[in-house]
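My questions all concern the structure below.
Letters A, B, C, D and E mark the chains as written, and numbering starts fresh at 1 in each.
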Amino acid sequence: MAGFMQQIINGLSIGSVYALMAVGYSLVYSIMNFSNFAHGGVIMIGAYIGFFLLAAYKMPFYVAFALAGAGAGLLALIIERVAYSPLRKRKAPFLYFIISAMGASIFLENIVIATIGPTFKTYPKVFSTQPITVGSLSVGRLDLIMFVISAISLAILIFVIEKTKIGMAIRGTAYSVRASALMGVNTDHVIMIVFGLGGLLGGIAGMLFGMKYTVYPQIGFITIKSFIAAVFGGLGSLPGAVIGSVLLGIIETLTSGYLSSQFRDLIAFALLIVVLIVRPMGLMGKFTEDKA
Amino acid sequence: MNILEFNNVTKQFGGLTAVGNVDFQVAKDSIFGLIGPNGAGKTTIFNLITGIYHVTEGEILFEGKRINGLQPYQIAQLGITRTFQNIRLFKKLTIYENILTACHENGNYGIFDAILRNGKYKKQERIMHEKTQTLMEIMGLEDRKDIIAANLPYGWQRRLEIARALASNPKLLLLDEPAAGMNPDETLKLMTLIHEIRKQFKVTMIVIEHHMDLIMGVCDKIMVLNFGQKLAEGTAQEIQENKKVIEAYLGEEEMHC
Amino acid sequence: MDWFYIQGILILAGINLLAVLGLSLLTGFTGLFSFGHAGFMAIGAYTTAIMSVKLHLPFIPSLMIGGLIAALVSLLIGKLTLNLKGDYFCIATLGLGEAIRLILDNVQYLGGARGWPGIPLKTTLLNVVIIDIIGIIILVNLIRSKHGRNMIAIREEEMASQIIGINVFRYKMISLMISAIYAGVAGGMLGHYLGFLQPKMFQIVKSTELTIIVIFGGLGSISGSVLGALVLTSLPEMLRTFAQWRLVVYGIAVIFIMISRPQGLMGGHEFSFHAVKKIISSMFYRKKQRGLGGR
Amino acid sequence: TPKGTPDTGQKAGEPEVVKVGWIGSLTGDQAVWGQCELNTVKMMFEEINAKGGLLGKKVEVIGYDTRGDATEAVNAVKRLTSQDKVIAIIGPNASGQAIAISSVLEEMKVPDIATVATNPKVTVVDGKVKPFNFRVCFIDPYQGAVAAGYAADVLGFKKAAILYDVADDYSQGLTEFFEKYFIEKGGQIVAKEAFKSGDVDFRPQLSKIKESNPEVIFMPYFFKEVALSANQARELGINAVFMGGDGWPSDVLIEMAKDAIEGSYIVNHLDFNDPEVQDFKAAYKAKYNKSVELNGYLAYDAVKLLEAAVNKANSLDPVAIRDALETASVKGITGQINISKETHNPEGKDAAIIKMVNGEYVFQQKYSAK
Amino acid sequence: MLSIRDLNVYYGGIHALKGVSIDVEEGQIVSIIGANGAGKSTLLNAISGMVKPKEGRILFKGKELPPAPHKIVELGISQVPEGRLIFANLTVKDNLMMGAYLRKDKIGIEKDLEKVFALFPRMKERIHQMAGTLSGGEQQMLAIGRGLMSNPDLILLDEPSLGLAPLLVKTIFDIIESIQQMRKTILLVEQNAYKALSIADKAYVLEQGKIVKEGSGKELIKDKSIQEAYLGKKQKSEETLA
């Protein structure tokens, strides 16, 4: 039983990593309707910014944290301007965005390898790595922090999207850029805000990831997991992204713990497909009958 | 003989009953009008017939056979097809390609025939191209053959939708507001076209329209829906004189002039 | 440049092209976006190798069986996932690709993650070119038929396709199976070109590489796929001298080409056989004209 | 000539510079090792040139990136052998690529000396030695046997657990042989858990391993994952001794997991503190301002081996070099290298057992599996 | 208030508007009629900044219009587009609020919301329904309501009666007149030429991208050629109805 509880804790901890990454990804998806594969690159750069600020410039954690978020947000904006905006202007189909995004992610990964170098970097210790133990269970401090930060940023995000005017404009633009423009929405701004926010979340995710694990050019790779988690939870739904992530984390740990770690991903994928067969729009995705 | 029968059909969306206990029959070779206020459930009835929505209760018979529960394509293959209120063309294809694609049931050959380009393929393709050509002529689209569907003005898009629907040789054709976006003159031409289609293709039609001239001018029988319920049914004359219909749908003014 | 080296690149481009042609049918013409085609390549590659190494079958029958088994697997997968829409299908295929790789990593009989050396070298430029040409002809013929038109209709407007009697699920399935056959055969050729197989070769990166080529060449354009395969297979080779900067440049190049030609290389030519014809005829035309003394 | 073999002992206007190829990962997740190898080769060639070159000619390295991909390795070797006309190739560090290139080497008749490609099949397949493939490192079965032997015989462990990377060839190789020999020695594998390249969290597997109470955990993978998994294991309260292979050694490992790996044992190619190694280490550091990774030492030996073979053959002809390599023998930085004609491996090379003490790689002893 | 001079719009090779000039006075209803594909929607889209004209000037209150659509809305021009373009993924309420996106006066917004609900009680009933699932006519009501919510000075209506039941068509034209009463200016594109001309202070006939006729609504309704081309049916239907 203690083993089981520990595995659940492990799952929650991995899940909250996926969740932080998935939220930013899902946000951009919900507006632009394409999978922003450059998000992994943004997360990675966020992690590096945080690392350098802490390790080389010895900044206080909160400053570094804010700057990593801001830097990644800025990067996301630049990517939007350079790689997507020209496509948007020409009304290219979403697949072209995906390719451009892949180009950007290849670029980001390799520019880091070529300049900073391929070796992984270790964050200086900010929080004690001593886990909090309750009986025979142990929870990492950083895990708790990540959990809290994901929850807070999600709550803020949902509030912004659902309750504010800019949120409404974001949702409107998500459906139709043209109609929103006719309503007086500066759609260019809205899209930039979305990318900025997505990048900001990515930067935060990257920095926390870096603190928990390490920083290296291939961090972006792990975002495939959060991509899967977002689909699992229902694309475009922010709470779905979080729930999908946490579930994926738990499924993965329980599979490794009780079934087979060799075939963990196989089993996780099989489960994913079963879920999608039963609920083709993911767990929290809205299923709307197509209206003719 | 009835080609289509609705027996006590109900469709609910959550708490909303879009179609409630509706019964009606459509006689073969007739033109059946379906009218009613906005949101009365007319399009929903089309969606139920074509299998895009599933009925909540009741049954739909086509040529005496129950069709609810079938897939849309199966229903189409039985001989029911439609146009859409919100136009759904193959946007990036040309007019010709739109119709040619819809002609797919007119020629019969397998994948291997296609790969080998054998005689069968060639012969059947010719049939399909001929059919397309004929349809283009009847619908008056032949000189716009290569225009991409998305770039057509609204009115022509509607025409193309009808042409595409006819391409699959339907026995029952459902037209959802075919005259929307047409001016009175064009609507008049559409009426002629509908008569023409009936003559040439021997197809039964159900027409949803808010242009009363068209409905009154072409329909043998009309059913009026209101809030998902049948309000009245009868000939054009009967419907126009029906107090309830005037009150709920037509409005007074129309009757005075 | 040395022919030996160029020949190697051409063979690879040809192998990529075959997989890309299949994917082009699925993505470009049917509108389904797959991230798992490397998985079908893997199945084809390992099956072909089993046939030729363990069962001593000749190369061509081995390839065909490789393609067929890939198609069979795609049938199973398709049954489960083809009802999913857009990115959901995409994720399912991504999962499939990874799952196949994971299984191969664990099957020690086929070398596991350590790979399978000693596969006979049977792939030559000649047989690659022949198979590619056959592949192109089949695809062009298919697309120019009612079956191809039905697939395009599904891409354009799924609901309208159903309403005119197209069995959407069936055609998606056919498209997936054909693309799996292409990928499978391509995989078989790859194994017999390198003489070595390793699950690592069929990572997501490989799938995305194929997708990039399809889109890069121009969706729904076969000539675009041909051009895309050639350009994108040789581009990293041309950038060799950049050493660790190579992929940096590659990434920039991809973005640059996308934003400067957002319809892909052959963009705007919906029906590639038009494009092919046009290119070929314009080539002839130009030559003729030049022959006659220029324009 | 379409398929011309590069006849380097050739015609008029003999090239003033001899070219040697190098392939490996300059990008991708293996780039740490590749970049270090190429740096080492460059540095060594400068030294050789300073001393008069190879048979009086200046030697130059042409290095191509493979992204860790077998197909790319084949392309790169095709280019090196046909267009660049190199006399020999050094690298790659991964077995998959080394195996894939052998058909090209045979066709073009150019020898290759792999650095850290430890899969037996790099040089021998189905009992037949591949004529143009050589290497300077020991092989997986040997390394696995050393690790198992040392754990069982010297350290006296009876219960071992294994955590390995299921998607990695190197990791699978070591796992298989460690398991085999440890059981042969009467030990018991109490848990065998896998992860997949790219994972960063190993707690689920480690939690399971913890329940099986092993005395030693064998961790045959690379140092990034080692650092992460070691830290996580200690966090979960696992006290077992860790043991690993040549994927471990690196300064970065110590930096990140100093406490977690304290007391661990590593099977290595050499003793880092050996006085004979210090010059190279210092020279590298001075030149590149980075510490040398393990691969650098083996790249060093590969260059030494090549130099010895060229001198022995007294020719720059690739085939002559190949013939000389078959019986070459040289004192390398990782030990005495005596290439065996039957296996093209450096036979009888001892492994160095290293223990982590106070955050240092401390040499224990040379050890060889019987 | 609005004056357009020599407007030329191209879609690639298609010359959709060929030197169109129109004038709209403050407080007027100006109707534009024309066959399918004449370029009516294109004209409205050019005013809204959704298509960029190649040549020509559009002056609003004497000033050149800025290029960005949202800037144009800011100046007080709002369009009820053809084909509705409602936000299918937003509720009815949010759609209406999107209409008021640029407004800051909370009280005014509330008032206008009530006005819209008074005009279309159905919208109030369905306030929380996802707009995408509304019936065609309901969507049209929503689109008009949304257009009103921005409280514009000039409102561009592109076929507002499209798909509406006869009773509602009548209501819509009543509404248009009552909007005019609120001292707003209206540029109306309609297929229902008879109705459009009867309420218009001024009207233009657009054929194949060119203005071929202009005059007061009353004049044009009596014009023989227009009766034939655009109203012909009206007379006939009156016969049938009689």
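As a working rule, a contact is a pair of C-beta atoms (placed from the backbone, for glycine too) under 8 Å apart; a residue touches a chain by one contact, two chains touch by 3 or more.
Per UniProt, the chains are B = Lipopolysaccharide export system ATP-binding protein LptB; C = Xylose transport system permease protein XylH.
Since this is a predicted model, take the numbers as computed values, not measurements.
Between subunit B and subunit D, the least number of touching-chain steps is 2.
Taking A-D and A-C together, the pair of chains sharing more C-beta contacts is A-C. Relative to subunit B, the most remote chain by averaged C-alpha coordinates is D. The mean-CA centres of subunit C and subunit D are about 35 angstrom from one another, to the nearest whole unit. Centres computed as Cα averages put subunit D at a distance of 75 Å from subunit E.
Centre to centre, using the average C-alpha position, subunit C and subunit E are separated by 49 Å.
Centroids built from CA atoms put subunit E at 29 Å from subunit B.
Multi-chain contact residues, meaning those touching two or more other chains, occur in subunit B at positions 43, 50, 52, 84-86, 88. Across the assembly, subunit D contributes residues 27, 31, 35, 166, 196 that each touch 2 or more other chains. Residue numbers of subunit A whose C-beta contacts span two or more other chains: 110, 113-114, 262, 265, 290-292.
Across the interface of their complex, subunit E is touched by residues 13, 35-43, 85-86, 151-156, 177, 180-188, 210, 212-213, 216-217, 240, 248-251, 253-255, 257 of subunit B.
By the touch rule above, subunit A contacts subunit D in their complex via residues 3, 6-7, 10-11, 13-14, 17, 110, 113-114, 117-120, 122, 129, 131, 138, 140, 209, 213-214, 216-218, 221-222, 252-257, 261-262, 264-265. Residue ranges on subunit C touching subunit B, taken from their complex, read 138, 141-142, 144-150, 152-153, 156-157, 159-168, 174, 270. The part of subunit C that touches subunit D in the complex is made up of residues 1-5, 8-9, 12, 101-102, 105-106, 112-115, 117-118, 121, 190, 194-196, 198-201, 236-237, 240, 243-244, 246-247. Listing the residues of subunit E that touch subunit A in their complex gives 48-50, 68-70, 73-74, 78-79, 81, 85-90, 94, 97-99, 101-102, 130, 132-133, 146, 150.
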